[in-house]
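Before any comments, here is the structure.
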Amino acid sequence: MKFEAKNISINRGARRIIQSVNFALNNGDALIVTGENGSGKSTLLRALAGFLPFAEGSLFFDLPEEGKDDPLIIREHIHYLGHQNGMKPALSVRENLEFWQGYSTASNSDEGLDGMSLIEALDFVELPHVLELPYGYLSTGMKRRVSIAKLLITEKPIWIVDEPTAGLDAKSSAMFTDLCKDHCANGGILIAATHLPLGIDGAKKLEVEQLYTFHGGGDLFDEPESGS
Amino acid sequence: MRALLKRELNLALRAGSGALTGLLFFLAVITIFPFGIGPDLNALSRLAPAILWVGALLASLLGLERLFSQEREDGSLDLLVMQDHPLALSIFIKCLAHWLVTGLPLVLAVPLFGIMLNLSPIGIGAVMVTLLVGTPAITFIGAVGAAVTVSLPRGGLLIAILVLPLVIPVLIFGVSATNGALFDPDPFTSPFLILCALSLFTMVLGPLAASMMLRHSVE
Amino acid sequence: MNDVATQKTGFWTWLTGLANPTRFMGLADRWIPWLAAITTALLALGLWMSFNAPEDYQQGATVLIMFIHVPTVWLAMFCYLVMSISALGTLVWRHPLSDVALRAAAPIGAAFTLLGLITGSLWGKPMWGAWWVWDARLTSFLVLLIIYLGIISLGRALEEPTQAAKALAITTLVGFINLPIIKFSVDWFETLHQPASVSRLAKPAMDVAFLYPLLTMALAFSFLFATLHLMNMRNEILRRRIRSLKLRAAAGER
Amino acid sequence: MRALLKRELNLALRAGSGALTGLLFFLAVITIFPFGIGPDLNALSRLAPAILWVGALLASLLGLERLFSQEREDGSLDLLVMQDHPLALSIFIKCLAHWLVTGLPLVLAVPLFGIMLNLSPIGIGAVMVTLLVGTPAITFIGAVGAAVTVSLPRGGLLIAILVLPLVIPVLIFGVSATNGALFDPDPFTSPFLILCALSLFTMVLGPLAASMMLRHSVE
Amino acid sequence: MKFEAKNISINRGARRIIQSVNFALNNGDALIVTGENGSGKSTLLRALAGFLPFAEGSLFFDLPEEGKDDPLIIREHIHYLGHQNGMKPALSVRENLEFWQGYSTASNSDEGLDGMSLIEALDFVELPHVLELPYGYLSTGMKRRVSIAKLLITEKPIWIVDEPTAGLDAKSSAMFTDLCKDHCANGGILIAATHLPLGIDGAKKLEVEQLYTFHGGGDLFDEPESGS
């Protein structure tokens, strides 16, 4: 498996945010994206997950069996954990997790039911007891940990996580680091944006820099810089 | 997909007051029209199908606003879009769930309200059948409106504006089919069939258009 | 054969060349004065012809309203057609200017529709004895106004241009079904309104004494539309440039 | 407090429910009635007060749903509750802003719609006056409902029980006062006075009740 | 000025979350609340800010001039910054900040217009240029920094902040620490819940512990522990 970004640039709101980013990840690689607030980490991750179009460059994804660079096929293999958790406060933790499990495995079911069971996953994030609590009753860090459990209940080779440890206490952060190491050790790929060091040895680093100068191409409607 | 339907229904029962607000509005409409028409019971029962239809139509607009905007705010929309299910299918299921908790109660409430409007049993049956067939179309058209305004925090009125002109055909054929069942010279079958066709048509096109829109709204 | 092919590719490169807003701006700057001049001339001619048309034996002098009413309603509908094609341009061909064209056309279309409604009402009072009736054509035409205004408010509410483009295109296409309804409402339902008497596939059922001024006015209004549309597209492009400059400045870009 | 009013109006304009949108919404609602009821101008003009009132109710319900739930979701509600302004006053202002974008446009547009619905000048005047007096009541009652849904996730039933008995009388007195002005045997003064009383009453009690609910919803 | 908690206990959802917490803060003191996820930091802070009732114990607030322990009066002097920012994405940063400034100073205006101007405050959080951007366009960390600016535009003696630095980059975290020090140096009181050390020297510490045992009083309707 190979996940390769070639010369990627991304625009947002009439501005170039990411300029010519390159990286190549193989089985078991981790990529840590760092940078100041507003430098474009989340933007990059969202584009990699397929939510934003690239202004330039492209992504290569090299699954043994399947279609190479069809973004729709790539998506199926990605777990995205953004700033928001995507859970409904009115439903219980079980209901929330069961939903995501049922919803995302339905079509993969020919590959057999993968991932852990809910109980195992919650055990992993050390929240076995909250299963029946409404999600809205959890504390911020517990909410985040439940979303991390969501990564475990369906198995996908690529994890794209955006500040996964925000709001976690020290113990849970360490737990998450272990999880990531396991994931990579099992041949998964990890892309994480973070301000706090995750502590994964041998991870590749990508420093995103804030663009303050005009890099062209922000928008078709921009006036050309000079002349013609 | 069953998972989605289950979640939606759970959510609606748990948190949503959509069904009740809809019914409340429906009741208000039914109560208010007899005042305009005056004491003439005949006139009232002639207009009853139209009143029930207009009331149901307007009531279905309530709650549409939240169909996608809430998913967007809590980040679920990202994940829904990302799955390999066809997004249109997920939207279809969401609409179905929405209809089950808002449209269906209206249909079921017709016998009660029909009596208040002095509608004959046949009339009640006809209104129920046409509403049963027609209200899904309203929901599916509404879904497009909801998708288009998903990023607006207060899109309720705007959705109504976008949706109302488009549901006019549904209203026309719904009312004329009902009148056809009730009053002799008017035909029932052909407007009813058109109504069914409209419903089926929007059932397919609505989710497709909405999914096209939603795909671009997650940025 | 060969010739047609090269012509087509020529046209195609021209059209895709227009995708560059800067080139388009240059083109618009050159065309607008000519278009404006032609519009003025045609309008003058059309008005002169209209005032010299004979009085209708039924409608008396009020028939003069026709020369305004009919072209405006035609243009109101034509404008929506233009918007629908632009919508396809956005969704299918992804032509960057088609969104600009759509947005720029909406207020013009709304204005024509409003004018059509007003002239129609003015005409309706003497002809039918009421300013307004809920007849199928009138109502569906009113619905056209609602759709236009709905599209305009939607465009204003959505700030992000790329997202707004999709939303507007989809809304416009979905609203397209109203056009055939307006057109054929006189045939499908019994209405008070005049059935098609000019725009029929067969021979027009109107006296040439009315037909020629009417057609001239229609042509004049078409040029008026083209002029206004180009001007508004130019404004829209400028608006976007200002917006993106503002955003970039706000983001601290230098 | 001026700051709050400004923010609310700003938000309304920005987020897709400005004054133009309000007007357009009513135009759309008015337009669909003839499709259901039929083009008969006599019947329409008899029903005009009811039609306009139903439109006002719908507009209030459509926008109010999110009046507080959004504030809660983005954390503003905490801060609103925390300030030393009386919360009820803040709610009053929010309702006022809401009424300015949904109720007032309707009142001002009545002459236009009145002509389209063939309403006599006296009728237009009567509808305008009653709507001006009555629509605030709908907003203030709706606010209580919105507050209930925010604070009790399962408050669906409650909203119906709380809001229903109040909204429907407002509609009834509004429509019957208008009919009183229009048609001879019906009285005008007494329903109108009751309407005024209801409006004043809800104007005071609505925000108080809503603030009581909201205070408990920030936990 | 004195801010004193005496034997405070707090219930939530029929459960005792905080048991018998005591502290006393004087002018210039900072209190750092730490604890695992779900231990009750946010709950404590929300109760101190007046959103939750105390099950037991009470708060003393000792302003030179005014009423001592009326919770409504205490509230006026508190800035609360929770997990959420309380800003509207559709409005610009300026509009958002102006609103909170206008809304909260209106009644204090007899004391003169306090706090910094918007521009100064945004300068402080190093975001002077975003003034006219819609709030929804900002990145997560920038959003948080704007909320921090909100603390500066109206002056209140007590700050209660809940994980203020979540999502901030290293530079901004340091900036926030400086802000807190300034605030304390000017005689303000700071109460912060956090997982990451804030680096304020001489701050008091309060470790909140997760209660796993039944501490009575969770709910009036609970069965009493033993006998009578």
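Should a chain be cited, it is by its letter among A, B, C, D and E, assigned in written order, with residues numbered from 1 in that chain.
Heads up, the rule we're going with is that a residue touches a chain if its C-beta (ideal position, glycine included) is under 8 Å from a C-beta of that chain, and two chains touch if they have at least 3 such contacts.
The model shown is predicted, which means the values in this text are computed figures rather than measured ones.
Asker: Determine the set of chains touching chain B that also touch chain C.
Answerer: For chain B paired with chain C, the chains in contact with each are A, D, E, in label order.
Asker: Could you tell me which pair, C-D or A-B, is linked by more C-beta pairs in contact?
Answerer: A-B
Asker: Nearest whole angstrom, what separates the Cα centre of chain B from the Cα centre of chain E?
Answerer: Using C-alpha averages as centres, the distance is 45 Å.
Asker: Find the geometric centre of each of chain B and chain D from their Cα atoms only, then give the gap between the two centres in Å, rounded to an integer.
Answerer: 22
Asker: Round to the nearest whole Å and give the separation of the Cα centres of chain C and chain E.
Answerer: The separation of the two C-alpha centroids amounts to 57 Å.
Asker: Counting only Cα atoms for the centres, state how far chain A is from chain C in Å.
Answerer: The computed centroid separation for chain A versus chain C comes out at 47 Å.
Asker: Spell out, as numbers or ranges, the residues of chain D touching 2 or more other chains.
Answerer: Residues 11, 14-16, 21, 24, 28, 31, 35, 73, 153.
Asker: Can you pull out the residues of chain A that are in contact with at least two other chains?
Answerer: 13, 83, 90
Asker: Could you check chain C for residues that touch two or more other chains and list them?
Answerer: Expected reply: 143, 146, 149-150, 153-154, 157, 160, 247, 251-252.
Asker: State the interface residues of chain B toward chain A in the complex, per the touch definition above.
Answerer: Per the stated touch rule, the residues are 1-4, 6-7, 10-11, 14-15, 74-76, 78-85, 218-219.
Asker: Quick check on the complex: what are the chain A residues that touch chain E?
Answerer: It comes out as residues 13, 35-38, 40, 42, 83, 137-142, 145, 163, 166-172, 195-196.
Asker: Over in the complex, which chain B residues touch chain C? Could you list them?
Answerer: 144, 148-149, 151-152, 155, 158, 161-162, 164-166, 168-169, 209, 212-213, 216-217, 219
Asker: Would you tell me which residues of chain D are touching chain C in their complex?
Answerer: 14-16, 18, 20-21, 24, 27-28, 31, 34-35, 39, 41, 44, 115-116, 118
Asker: Using the touch definition up top, name the residues of chain C that touch chain D in the complex.
Answerer: 130-135, 139, 142-143, 145-146, 149-150, 153-154, 156-157
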